[in-house]
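Common to both upcoming complexes is chain A, partnered first by chain B, then by chain C.
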Partner chain A sequence: MRKYWYVARNRFMVTMVYRSDFVFAMAVAIFRTMISAFLWRAIYGGGENSYMQGYSYRELVLYLLLTNATSLIFSFELCFKIGQLVKTGRLTPYLYRPINILYENLFESIGASAISMIVFSAVMLFFDVHGSGNGNLFVLKLLYFVLSYILWVLVLSLIGLLGFKMIQMWPLKPIMRGLYMLFAGILFPLEFLPWKLGGFIKYNPFGLVGSTLTQVVMGRIGRREIESMILGMLLGIVIFYFLYNWLLKKSLKLYEGAGA
Partner chain B sequence: MEQEVIRCEEVLYEYSYFEKKEGLGGSIKDFFFREVKKKKAVDKVSLSIKRGELVGLLGPNGAGKTTLIKILIGILQPEEGEVRCNGYIPYDRKYEFLKKIGVVLGQKSQLSWDLPAMDTLYLLREIYEIPRKEFDERLDDLAEKLNVKDKLRIPVRKLSLGERVKCELICSLIHNPDILFLDEPTLGMDIVSQRFVYDFLNDINQTRKTTIIFTSHYIQDIENLAKRVVLVKGGKIVSDGTLNQLKENYKTERSYVIETDGTKPELEAVGVGMTKLSDNKYKVFVDAESAVLKSISLSNVVSIDEDKMELDEILESIFG
Partner chain C sequence: MKIRVYRELIKLSVREFVIYRMTATLTVLFGLMFYGIELLAGVVYYQFTDSIMGMTRNDYMILITTANIIQMGYELLFVTSHERLEDAIIEGELDYALIRPVNSFFYYAFQRIDIASGVGLLVSVAFLCFFLRGTALTGIRVAGYIVGLFLGIWMLFLVNHNIVMLSFWVEKSSKIAGIPEYLFELASRPRGIYPSILVWILSYILPFFTAIHCPIEMLSNKGSVMGVAYYLLFLVIVSAITYLLWNKGLKKYASAS
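Now for the complex of A and B:
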């Protein structure tokens, strides 16, 4: 286990080297939140006390702030990193060292977003203590956060395996970004979607790490539902874990370690 | 009897590729249908390497040297044949196997580009579960021998190529592997750095009895390092022996410098390589001394001198 701690530590140190990347990512998230907030202000028509789908304007702005904060933690980097490693042949060092690729990727991702994760956990604690929802659920919420992160890494790793088949992964970027914006509820809560299936959409992997996570933090989701989702995520993690390992074995047969 | 650490029997590996058809029409056809072709990169190779050997895989670009190394370290799975490395099937990539090999693949660095080599080494200490005292002693020894003690705390991107390769070598040896695989270890290095690497690898081979297998197409690498030379061409092993044996084997293949009156010597009957050295000088490689004497037309020949083949010329005649 110690080796994975060092993987995260090294990745965290690399993040420290590229501080401007972190600052720019935060600036983008803030701008996006501001744009959404101004848009929703116009939709609410200045009615401070009016509600939409159970959200006041202030609650909606808070929602937008938190979901955009989650986008700093749940990045797509891993998905395209695998494709790039395959394309350049730089996956090779991952294969000749006695280390599990999936765990290495998980801890590298944790190292990359460690600062955001710590800040987000602190925000989560603050909301649990001072929020208006069901208090004293911090441990449960934290467990939800951790499991949603693991599930996210697994989903991205699975998508990243396409890199063994596709020479260029970049065409996937706008598709992924679009799906994320819509299904993670970055611009509006998923309850605002007109579809009847809206209730189920919040359980999609993007929703679980965006809209639903935010609502868990805001105390809009009760203990029982959080527990159910934790169980669901555990099941998802087990399924995706076996699926990933099976597909990785198959995909590695396609790997030729491009270049010398 | 010396222990065999690597055994390949009739190993075959093919790369898949497709040829792009010419022009716009070809591109459109390719969009809908691509004809996949196969190329044998390693063609029924059999090889046995004993513990403590220092073996050079030598061959031109595309000969299959690196592919063979990739098979031996478990990156590629051979389509046919059997491979055993230190008693393990490499492609299974069992941790016990991976802990006993060290790898340096020229362009596939395991160093973290933005961090000092020291941070990668700390990570490797944990990956290979090296006790701290052992790690410190070994690191001290390796850094001293490679003269990079003062470079280990500088970000890798700030190091020269030679310094980076030396750090790679430390990474590959920090866990004291039984077998070290090196792919083009001196590529792009200056002569001083090359000399350092030669001395270092020879020392590691002698003192630690580490089996070293390296690929190269540099004559200097072979002359300074390899106790045994395996020549690879077109995915096949065309020669396997010591450097002296190699020279001995090609003793019968002589070369001559023929000076003419300016016209080309007539050597059709010989059917062996001839290169033009200058306007009126030609170098001829022949299998047997008698053959050239019988077939050459002397009408335009001014002089014939025997030219003893050097290693590079032997290789040129094999790979040319």
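Now for the complex of A and C:
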């Protein structure tokens, strides 16, 4: 356990050194939220009391702020790690060290986003105390947050396994960004999608950490649904965990150990 | 720079495109994906209202499509050149261009074209034709629109070129390299939704709004002569400044990384 603690701590230190990157990412997220907020203000047309799909203008802006904030916690960094290791041949040391790449991934990303995670949890607590209605769900919400985080790390690690096959991984970055924009509900809540699409894609991994997490924080999702989603995510984590180990075993056969 | 040289450079670009097929296909794909997301977002916005600041859904679609055409046009003609230029300045590899018997400014501006973006450009032009169906158009208005597109592309080139040239003076300028993209995103929404001071700044000091809205105004014949004249004057002056800065930057350039 101790070795993973070091992994997280080291990654945290790196984030501290490159803190300007984080500040810049935050500025971009705020800028993007601002554009959306101006556009929605025009759509609401100054009607302070008008609701759209159950959102007042203020709630929608809050939604946009929180969803954009999740994009700071859930980064895509992990997708590219294995690809880089395979490409340079540096994966070899991992194979004879007593270290599990998956656990290392998890603790590395915790180290990278530690501060935003703590801030986000504090926001969650604040909403639970001051928010509307069904209070006292904080522990449940926190559990949701932790599980969705683990699920996210697993999904990214699975995508990262593509690195064994693909030489160039960088085109994945804009694709992931686009998918996150659409399926995590960065521009609008997923229920706003036409043709009842929202109901189907609400439970995709991007939605779970973006749109749905935000709605959990805002108290728009009841105890019942949170509980069933937690069960669903636990199941997903177990399935992805075994899938990952199985695919890793298969992919390692492709690994030549020579740098490209 | 002679046309003959540019033709050679385009030939090289085509060859590179064919060699890196996989990367090119993915570039095409994600270009289309972002355009698709914009269109879908437009559909979502207009579920709740019929007009955003006087713009109908069709007007809005024309606006984001025009913005996409300008963006893709810039990427087709200049983006690879800018990526290479930034590396060349920092790595100290500009010498190879400087010793050639060509004008180094134009040589680096027109280094390569990115053919993958051309595909995205064609797709958005096809969508534009779809959104324009049923609109009464005259030849002169369409010509005005096309000129407007090129002015917008040139405007994006100038802004990005100046930011890349910052590498002559500042070591780490890559962080602000994304700023024009964000401003362009901001400007590709209806003007009326923003506070007037922001619109004023982005129409006169850094005319991102003009770059996108000017072609559309040409098409609907709504633009003011003074506005267009100012825009043209702005582009001419900034082009001259950019050229001067290039020569200043070259003096600053040390042939080492």
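By our rule, the second predicted complex is superposed on the first by the 257 of 260 C-alpha atoms of A that agree within 3 Å, B and C clash if a C-alpha of one lies under 4 Å from a C-alpha of the other, contacts with A are read in each partner's own complex, and residues count from 1 in each chain.
Just so it is clear, a contact is a pair of C-beta atoms (placed from the backbone, for glycine too) under 8 Å apart; a residue touches a chain by one contact, two chains touch by 3 or more.
Just so it is clear, the model here is predicted, and its values are computed rather than measured.
**Q** Label the relationship between chain B and chain C on chain A in the superposed model as either fit or clash.
**A** fit
**Q** If we overlay the two complexes on their shared chain A, which of chain B and chain C does A:90 touch? Say first, second, both or neither.
**A** After superposition on chain A, A:90 lies in contact with chain B alone.
**Q** So after the superposition, what angle do chain B and chain C open up at chain A's Cα centre, nearest 10 degrees?
**A** For this superposition the angle at chain A equals 90 degrees.
**Q** Answer with first, second, both or neither: which of chain B and chain C does A:256 touch in the superposed model?
**A** Only chain B; A:256 stays clear of chain C.
**Q** Can A:171 be said to touch chain B (first), chain C (second), both, or neither?
**A** second
**Q** Should A:17 be classified as contacting the first partner (chain B), the second (chain C), both, or neither?
**A** In the superposed model, A:17 contacts chain B only, not chain C.
**Q** So, does A:2 touch the first partner chain B, the second partner chain C, both, or neither?
**A** After superposition on chain A, A:2 lies in contact with chain B alone.
**Q** Tell me which partner A:245 touches in the superposition: chain B (first), chain C (second), both or neither.
**A** neither
**Q** Of the partners chain B and chain C, which touch A:228 in the superposed model: first, second, both, neither?
**A** In the superposition, A:228 contacts neither chain B nor chain C.
**Q** Taking the superposition on A as described, I'd like to know which of chain B and chain C A:38 touches: first, second, both or neither.
**A** Touch partner of A:38: chain C, not chain B.
**Q** Between chain B and chain C, once the two complexes are placed on the common chain, what is the minimum CA to CA distance in Å?
**A** Value for chain B versus chain C, nearest C-alpha atoms: 6 Å.
**Q** Which chain A residues come up in both lists, the one for chain B and the one for chain C?
**A** Of chain A, no residue contacts chain B in one complex and chain C in the other.
**Q** Spell out the residues on chain A that touch chain B in their complex, using ranges where they run on.
**A** Checking each residue of chain A against chain B gives 2-3, 5-7, 10, 13-14, 17-18, 89-90, 92-93, 95-99, 253, 255-257, 259-260.
**Q** In their complex, what parts of chain B are in touch with chain A?
**A** On the chain B side, the touching residues are 15, 66, 70, 73-77, 93, 95, 98-99, 101, 103, 105-110, 112, 114-115, 119-120, 122-124, 126-128, 155, 183-184.
**Q** Where on chain C does chain A make contact in their complex?
**A** 22-23, 26-27, 29-30, 33-34, 37, 40-41, 43-45, 47-49, 52-53, 175, 178, 182, 185-186, 189-190, 192-194
**Q** Using the touch definition up top, name the residues of chain A that touch chain C in the complex.
**A** 20-21, 24, 28, 31-32, 35, 38-39, 41-43, 45, 52, 168, 171, 174-175, 178, 181-182, 187-188, 192-194
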